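In the two complexes below, chain A is the common chain; its partner is chain B in one and chain C in the other.
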Partner chain A sequence: MATKRGGSASSTTYSPWSNQKTRRQKRLDLKDPDWVRADGRLFHQCRPAFFRTGAVSAAAGSAYAELGDTKVIVSVFGPRESKKAMLYSDVGRLNCNVSYTTFATSVREQGSDHKEYSSTLHKALEGAIILESFPKTTVDVFALVLESSGSDLPLVVSCASLALADAGIMMYDLVTAVSLSCHGPNLILDPLVEEESHQDGSLMVTYMPSRVEVTQLTITGEWSVSRIHEAMNLCISACSRLGDVMRSCLKEAAAAAADDT
Partner chain B sequence: MRGIQLSLNQTQKLRLLRALDKLDSLSSKSNSNVSVIVADTISVNYDGGVLKGHGTSELDGEVVATLCGVVERVNKLVYVRALRARYKPETGDIIVGRIVEVSQKRWRIDINANQDAVLMLSSMNMPDKIQRRRTAVDELNMRIIFEENDFMCAEIRNLQHDGTLQLQARSEKYGKLDRGQLLKVPCYLVKRRKQHFHQLDQYVVTLVLGCNGYIWVGELIPEKDAVMEDLPNNTDQASTNTTGGVEKAQAGSATETRKNICRIANAVRVLSTLSFNITMEVIMEVFNLSVSLNLPIDHMLGAELCVSVAEREAERRSTSTKRKV
Partner chain C sequence: MVMEEMNQESTAVTPGEILGKASSLRPGRGAYAVAGGDVYASLTGRRSILPPPPDSPDQRPIVEVTGHKAHGVVPEPGSTVIARVKKVMAKMASADIMCVGEKSVREKFTGIIRQQDVRATEIDKVDMHSSFRAGDIVRASVLSLGDARAYYLSTAKNELGVVSAESAAGATMIPISWTEMQCPMSGQIEQRKVAKV
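Coming up: the complex of A and B.
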């Protein structure tokens, strides 16, 4: 019954997306100005985002976020005791871990830690957290990507900052992140997996809306300075909009919790 | 409501919502209790000068919040009280903790705060009740007093500059806790009171409400007579109110006592699910309610009792406010 069609890459795993090759051929003319995105969005339109705090009751703080089909859950533990080997330090430590579930991508893969995303998440968050408020202790952030459908890391960063706020860790501001993909002359915000896979370059900005500060900027590919300016302005305005959505989610949660006490 | 995972049917949901709305309307909330989230500006009257307290910072001459919580004002001090943060220890709090490690001349204890607390050997009473210097032999015999994963209650002696907590357990009422169960509730539900130790003689149960959110419900071991302690026959028994004798430990608690312990523990769990403050009166009310409804102990965590407790509490508070007015 499981006949292979068109020679898929892995001959031993079953993939429901068996006609990938035909779809890819349609994509190649993306320099065409009439090119429309797969889900019908405008170039500078992000997918609708959904956030909810308090997803994991065992953790000090947690948050669940959806951006279209991409789904992420982040739990924060701490501040708790550092390992014995740590000497006294008057700033706290932040420990980040991003991992994918085995069912997150379209082809089932070995779920494991994503070291590169973990270190990017660490750099994005450490500028926003007031580390002096918990000396000698560690805050652990564990992010789990439940479904990956493009723009995973920006959603992980936004969700992680919500989870930290939920845990009561002191921060300068919420961190929002948006990524942008470059296809020839077009700059498209919040790319999907197919759009990311054949992009010319990418840019990810993690931004603190109220402080108007960028905590991290990641650029891949070939960019001219004016292009970078244009791309950053697009991302920053998208981050501000995302920041408003996150703040309204936190306000609801804080108001609901304040009613209890 | 966070943490409530009850399967309520339609009528139960309505009753619960109605009771909770009633409680909301009864609770006095002044207008200055504004809930803020990170990087919200806090409206402050700058004329008299302002002291920026915990959870605030300054940005462009404005006071912004660094935590999600409720703004509290005391004269010129403005601070943000976090709603769900970990237990913040203060000197003099009575806490229940679990021994994590036995190290040189001290025990490390987990008390649900940022860091583990430390109980020095010199802050603990010796089994033979003599006040003396702790020798090397005492240090080697530390395991006789407390081992890993034992529960004990103590008082916070002081907070050191780097945040380390020091405990002391010098009084008779502190020490090892056994023959009971530990409950973990959110720490903001246990307010600081005069009495944290409660003894229910008619049910043979002792209750310790730790300020850190750990609550101990255990069997009440009757106090040995002070006169008997001095007799030479009893000095090698090492039996105090809290440690208990070896023979009794082997015998086990009576079934009736165990049922009472479970019922009280479930009452505390119901209160924690509903996020009500945990005090002795409320616990006894829930206990009596469950007995009067003839609920078997394992049904206490169901939806029906939660809803009834919420309704009862709303009624009780409305009658008490009516009496005041």
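Coming up: the complex of A and C.
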């Protein structure tokens, strides 16, 4: 994140806001077809992703993921007994919770549950989990965003599906997610926070790469059908690449565990 | 078509990976099949191919994926569990399931043993307080998923019942018959439904 602070450290006061002049300049550039992204990426280039499973030893399964500066940690508990108040169900239940830490964003905020993201995560994952394999019990997924730098929810979804695989919950396939932001004529993959705040519309796809199925699609803004097709193709090919990275992470963890025993 | 007998691969498979065609392989534990299509893995682990049982009509080999980690177990109907009795009432006893089969659970499940499931004979004359006491460790089998609150357990076999119990004096009792256990410290005999070990 580029912050412009003036002069010497001793005489100027600290301000978390970047210089007003540069913000205004950025807004003018966005619709320009020659616009270059803030971190120098191409429009259809995602940030490098890093995944690691087994981050939380107390949980049945867990995973840590980074996408550029965005950092997320997900723990999965279960299958464990449902609360006494719940009615009997012959399929398993999934309970998702996404929360932000107080230090996740550039301005400190009250750490609280993000109900909308929690429900989106639930919708994205429930299609991929074989609920019949754990009747009467509940699987709890807790996602914590440690640093938010754009594309938070897609990373949460991908990390959660890795954590579920680490916990040994039976799934039809891994779930990968990529989001895309629309700025005038440009479609840019994996937007940063600044790019997300100035967007005209967005599209997020959660996709099972081996089954070739989309579990969830979220679109905001105004889109023509041909643009949606173009955007979905971009996202799906990015999801497939992300899926390969996630699989190699799981295989490495499995090989490391096998070496230990 | 590649057929490998009782073979474990060196690389792990991940959920969603294709293991083979449904026409030539049957999905076992950790795998599932799409009708008329492929067999996919549903867990992370090692793939193993087992020969089919000789008397079954379906002679396709079974492919299984065994997880490399001690993944959490859930009580299933028919499995043998170790539970600790929490409360004994007139018609039932409630117990916390601590182990399923060979593995211990991360968080306990609730089970109940009803009066008619304590033993196989004279089931209406069972006295719950002469069969179990709070704190006893019992081996039971899971009858069914039960209701929303608890699994239904049964000790109606010779090898099921109280495995370990503490006497009123505080010592671990020694079983002396099907229905009695004796405290080594005080010599007192207490009634239990004892498991044949």
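The working rule: the second predicted complex is superposed on the first by the 239 of 261 C-alpha atoms of A that agree within 3 Å, B and C clash if a C-alpha of one lies under 4 Å from a C-alpha of the other, contacts with A are read in each partner's own complex, and residues count from 1 in each chain.
By definition in this document, a contact is a pair of C-beta atoms (placed from the backbone, for glycine too) under 8 Å apart; a residue touches a chain by one contact, two chains touch by 3 or more.
Source: prediction; values computed, not measured.
Once the two complexes are overlaid through chain A, chain B and chain C clash, as defined at the top of the document.
When the two complexes are overlaid on their common chain A, residue A:L250 makes contact with chain B and with chain C alike. Of the two partner chains, chain C is the only one touched by A:L87; chain B is not.
Judged by the touch definition given at the top, the superposed model places A:P154 against neither chain B nor chain C. When the shared chain is aligned, chain B and chain C each come close enough to touch A:K136. Once the two complexes are laid over each other on the shared chain, residue contacts for A:G127 go to neither chain B nor chain C.
Of the two partner chains, chain B is the only one touched by A:S57; chain C is not. Legend: residue contacts after superposition of the two complexes on their common chain; A:A165 is shown touching both chain B and chain C.
Among the options 111-119, 273-281 or 291-299, the segment of chain B that ends up inside chain C in the superposed model is 111-119. Within chain A, the residues touched by chain B in the first complex and by chain C in the second are 60, 78-81, 88, 130, 134-137, 165-168, 170-174, 208-211, 247, 250-251, 253-255, 257-258, 261. Of all residues in chain A, only 60, 77-82, 84, 86-88, 90, 130, 133-137, 165-168, 170-174, 208-211, 246-247, 250-251, 253-255, 257-258, 261 touch chain C in the complex they form. Residues of chain C that touch chain A in their complex: 11-12, 14-18, 30, 32, 40, 42-46, 67-69, 71-72, 74, 106-110, 145, 147-149.
Those residues of chain A that touch chain B in the shared complex are 54, 57, 60-61, 78-81, 88, 130, 134-137, 165-168, 170-174, 208-211, 247, 250-251, 253-261.
Note for the complex: chain B touches chain A at residues 1-3, 24, 33, 35-39, 55, 57, 59, 64, 66-70, 82-86, 114-116, 162-163, 188, 275.
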